[in-house]
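Next come two complexes, and both contain subunit A; in the first it sits with subunit B, in the second with subunit C.
What follows is the complex of A and B.
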């Protein structure tokens, strides 16, 4: 039997050189990744291997090569699933059952006694704001309530690791906001979460830790800043507001790191003193700029910001597309 | 993001005593039963099964009452006088007399309803889980897929026992009360064992067959067609071939007849009294049933091995 003392010293989830084949199709290729705690967002285009990745993490699939470990134990071992709450993307429920009955059975499957299961079910339904509606059949639930019920069954046995496959899909903005708040709260209480989503902006609100899958390969992992740092060739656009923009542009255009300089259309966010500098080797550019500004202190720079440092832009670059998944 | 250590310190996982994993099968049985009893078709089929039971129940009572009170009388049927004793001799062919054939015939008649019930339950219990992906909910919990199948098969077995074993036991108790109960119960306790054996065999074989066919066909319509093929078409074919060739071996194609033969073997019935004739030997019927059980287990094992790997 697992207890908290056992898994405190081990990473919660480890992928060690994991590959997964479905017949002739390579779904995941040589993934090595360690997750200790916190919230991590899993992003990637359709067919990138997100669901396969999550199912391997939840011990629902066995890797063709490599190992997946939950707190140091084989994820395929049924005991490892005691440490996991898995919320599948599928919306297939037992529609005739009430939410309470469904969660209660799931609690019993986790090895709880009848009394503990009942107690835990009531607590989790209360927690997720479903207590009043719990006796209603699931077929009458809205999309948001279904997501909450799925979350309730994943949380009912208090697992340290929650694996959520597209938990925000199809949720209206208000419901999404509530769920994000809930995920944050769960994380603050000590649950670790792996969340797959197409909503990059939403994931950005929740965590800066992301994992990017592309065609079955782990394209990038870490915080958005770390990933950017790793990609020294990742081009960025910098908005600079300065008292004499034409003079600065004349200086910068000769630098090899700068690929273009533009004058943005005037709007409430920009003034006529603003210029956009497209940089293709950011690290070198920033080093050079620091030296340049130290030598020439007369520049009156009032604004200096990267305008495409978001996960969306980063993903677009990594996946070679627009970033839309 | 907060520090790792502080998060772990705040987190208090559930560390209660885990029940045995077999208890999960009970939970699956419970949820499966709930799913089945909420379907109207189930109640319609149960009503039909109850109808067959009440026919046997009251017919048995009526025949005993007639034989005890009107045996010497003559009644008029369509204007013709008929001796009640002659009528009783004719009705004896129905074997509504608390003998092994009473229970054997009763379970045989329930077969028609059972076939539809199982085709329907198979798609509800197994097919939907696979087609709509709800099996993931079960399998993401700390149980193995064998526990899942164990729980589901137990549900089917329970449905079968509800339609065969329990009513047959009531008929046995009734038969004892209609005759001299002490003598009947003492002399016919082996029938009770026979009912148990026959019902258990049906529950075991058909629950595995339901699971295997549901995994193969998944959706209700193909599943019903498959069951009709197995239990109706094969029966017709086996009847024609047996009549045409007078070779009893062709009856082995009829699965329900094989179960019936095994059931009568449990009752200890003399093979020569089994109708219709010719019938294959008890051994051959048992071999077919064992073969089907093994095949079903092999298929389920094969399926489980490759389902999530």
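What follows is the complex of A and C.
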């Protein structure tokens, strides 16, 4: 591992008023964001600027305006790249190499001696479950294996910051489960991770820190709850199971924060005592509900949950669509 | 995620190997990168390289046929369709010259000296014929075919095979903790041995196919060609930094700029690399006493000027490319 003293006084990654133009196209606009540690999920629609964001963080691109810093150093500076493991979304390899040779070459190019590189390569291939297949040429690998070998080269020099562009794309459910476990483990070992993905549910399993990009702008950053809190006007739907739903509905419908009440179709998850309450000002609603329940203790509420407090719903609100990326 | 699942997950076994980054290892990495690039060439295929190799093969075959037919010394070739051959004209000219000398230097009564003079005249005749053949070979094969398109094409294809700008795989290199300028220099150094191998391989094949003239040209022009390869390789590497389609630009440069500008009168041709390489070859032949006026290249630069220009271009473009690569984004990544 790198000595954490290298970066302990500085945020691991900083975007300071960063804009990036590709000719006349504005890819990123005035992004300011600080990342100290942990796991953060990067989400956004196609063309939102996720890959550009990650390439700037990895020092592969230079910002047109602003600064990107890795542990206080310019990300473009080659010395910053010793702190980064970058896994691109592109699927291009030196196809004439085997997986083992590829990771070994990447390790040697990070400054490892032959012995160190061999040991580290063996260890990382073992860890990623590629050890038995490592001598096969990369062109014979499946999509999932390619993703793993890309991850292996990013991890081989044990960088404190891992920048992973769509690392779960093309991986089967079992492999995905294993990788999510690995990401958590890496985080516990002291690595910090930035992961972009279209799999919002997967990201939710992995982290509650989300960064949302929309048309090159930073639409929101923080935990899903924090983002929701910032968007106090964001409408939500609450499922309430209560012994006397019609009575409760009669009470709630007069509240100004409630826009509608519905009875869901019966299913194994809902009973005839369940109602859906559509709320357009959640914060005020919850305050009023707390007071209401404190004053009327006779309500026998057995289930109370927000059914759309997910990244998709949040994204849908922020991006103005369904939230599907 | 279930606990059992976590325990069964092999990725959760922490078997990482500790590694401490040291700056001195960067030098080691750089040498490793050169080796990687050098070795990588063996494993790669490229259309331009195949085309160049096939073209070289065709040229070698043509030269060997011409050599077999004894066509380089022009003795059998006629000046006009029904006219005498070059050999007949040369023989006549030499004999007339010898007769004139005999008439003037050996008046009547000194005929005993004639047997001594005839071998020296024949020797002179053979020498002129040999020079004429070599200059003819140099003019068509070395100046025209090799320098005109084979050498630039072989160099360009070799550089391109290695640094294919459409190969996104280079993103792996740019994400390593190595200075960008050092990657550029490693690519330059890593390709050079292959460029030399390919060029001198073709030259050797031409030398074998060209017989005496081919072997002579290999020894006489090697240094000029070596300096030319350095300059052309620097230029084609530089194109890779500047342009998205460096091969197309390279081909346009070879077939339009060099062919056109290199043969223009005045000082514009001084911008052409092949003009200076040609000048070096011309001076090398001149220094060996060949009748270089047969090469039809009266405006050749001096030896010092040509060497200076080629070295200057090599150093300038290499340093400029290294400097540009250290701050320009790679087009493969954008």
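Side notes on the structure shown:
Going forward, the second predicted complex is superposed on the first by the 322 of 325 C-alpha atoms of A that agree within 3 Å, B and C clash if a C-alpha of one lies under 4 Å from a C-alpha of the other, contacts with A are read in each partner's own complex, and residues count from 1 in each chain.
Basically, a residue touches a chain if its C-beta (ideal position, glycine included) is under 8 Å from a C-beta of that chain, and two chains touch if they have at least 3 such contacts.
Not measured: the values here are computed from a predicted model.
Overlay on subunit A: subunit B and subunit C clash in the combined arrangement. In the superposition on chain A, A:106 contacts both subunit B and subunit C.
Using the contact criterion defined above for the overlaid structures, shared-chain residue A:39 touches subunit B, although it does not reach subunit C. When the shared chain is aligned, subunit B comes close enough to touch A:191, but subunit C does not. Look at A:88: by the touch rule set out above, it reaches both subunit B and subunit C.
By the touch criterion stated above, A:208 is placed in contact with subunit B alone, subunit C being left untouched.
Contacts of A:240 after superposition on the shared chain: neither subunit B nor subunit C is touched. In the superposition on chain A, A:68 makes contact with neither subunit B nor subunit C. Of the two partner chains placed by superposition, A:171 touches none, neither subunit B nor subunit C.
Applying the stated contact rule after C-alpha superposition, one finds that A:181 touches subunit C and leaves subunit B untouched. After superposing the two complexes on chain A, the stretch of subunit B that clashes with subunit C is 290-298, out of 2-10, 74-82, 182-190 or 290-298.
Within subunit A, the residues touching subunit B in one complex and subunit C in the other are 1, 3, 55, 58, 60-62, 78-79, 81-82, 84, 86, 88, 90, 92-94, 96, 105-106, 108-113, 116, 120, 153, 157-158, 189.
Taken together, the subunit A residues at the contact with subunit C in this complex read 1-3, 22, 55, 58-62, 76, 78-79, 81-82, 84, 86, 88, 90, 92-96, 105-106, 108-113, 116, 119-120, 123-124, 126-129, 153, 157-158, 177-182, 185, 189, 205. Subunit C makes touch with subunit A in their complex at residues 1, 5-6, 9-22, 25-26, 28-29, 32-33, 36, 40, 43-44, 167-169, 171-180, 327, 329-330, 333-334. By the touch criterion stated above, subunit A contacts subunit B in their complex at residues 1, 3-4, 8, 36-39, 55, 58, 60-62, 78-82, 84-86, 88, 90, 92-94, 96-97, 101-102, 105-106, 108-113, 116, 120, 153-154, 157-160, 187-192, 207-209.
Listing the residues of subunit B that touch subunit A in their complex gives 1-2, 4, 7-19, 21, 23-24, 26-28, 30-31, 34-35, 38-39, 128, 132-134, 136-144, 308-309.
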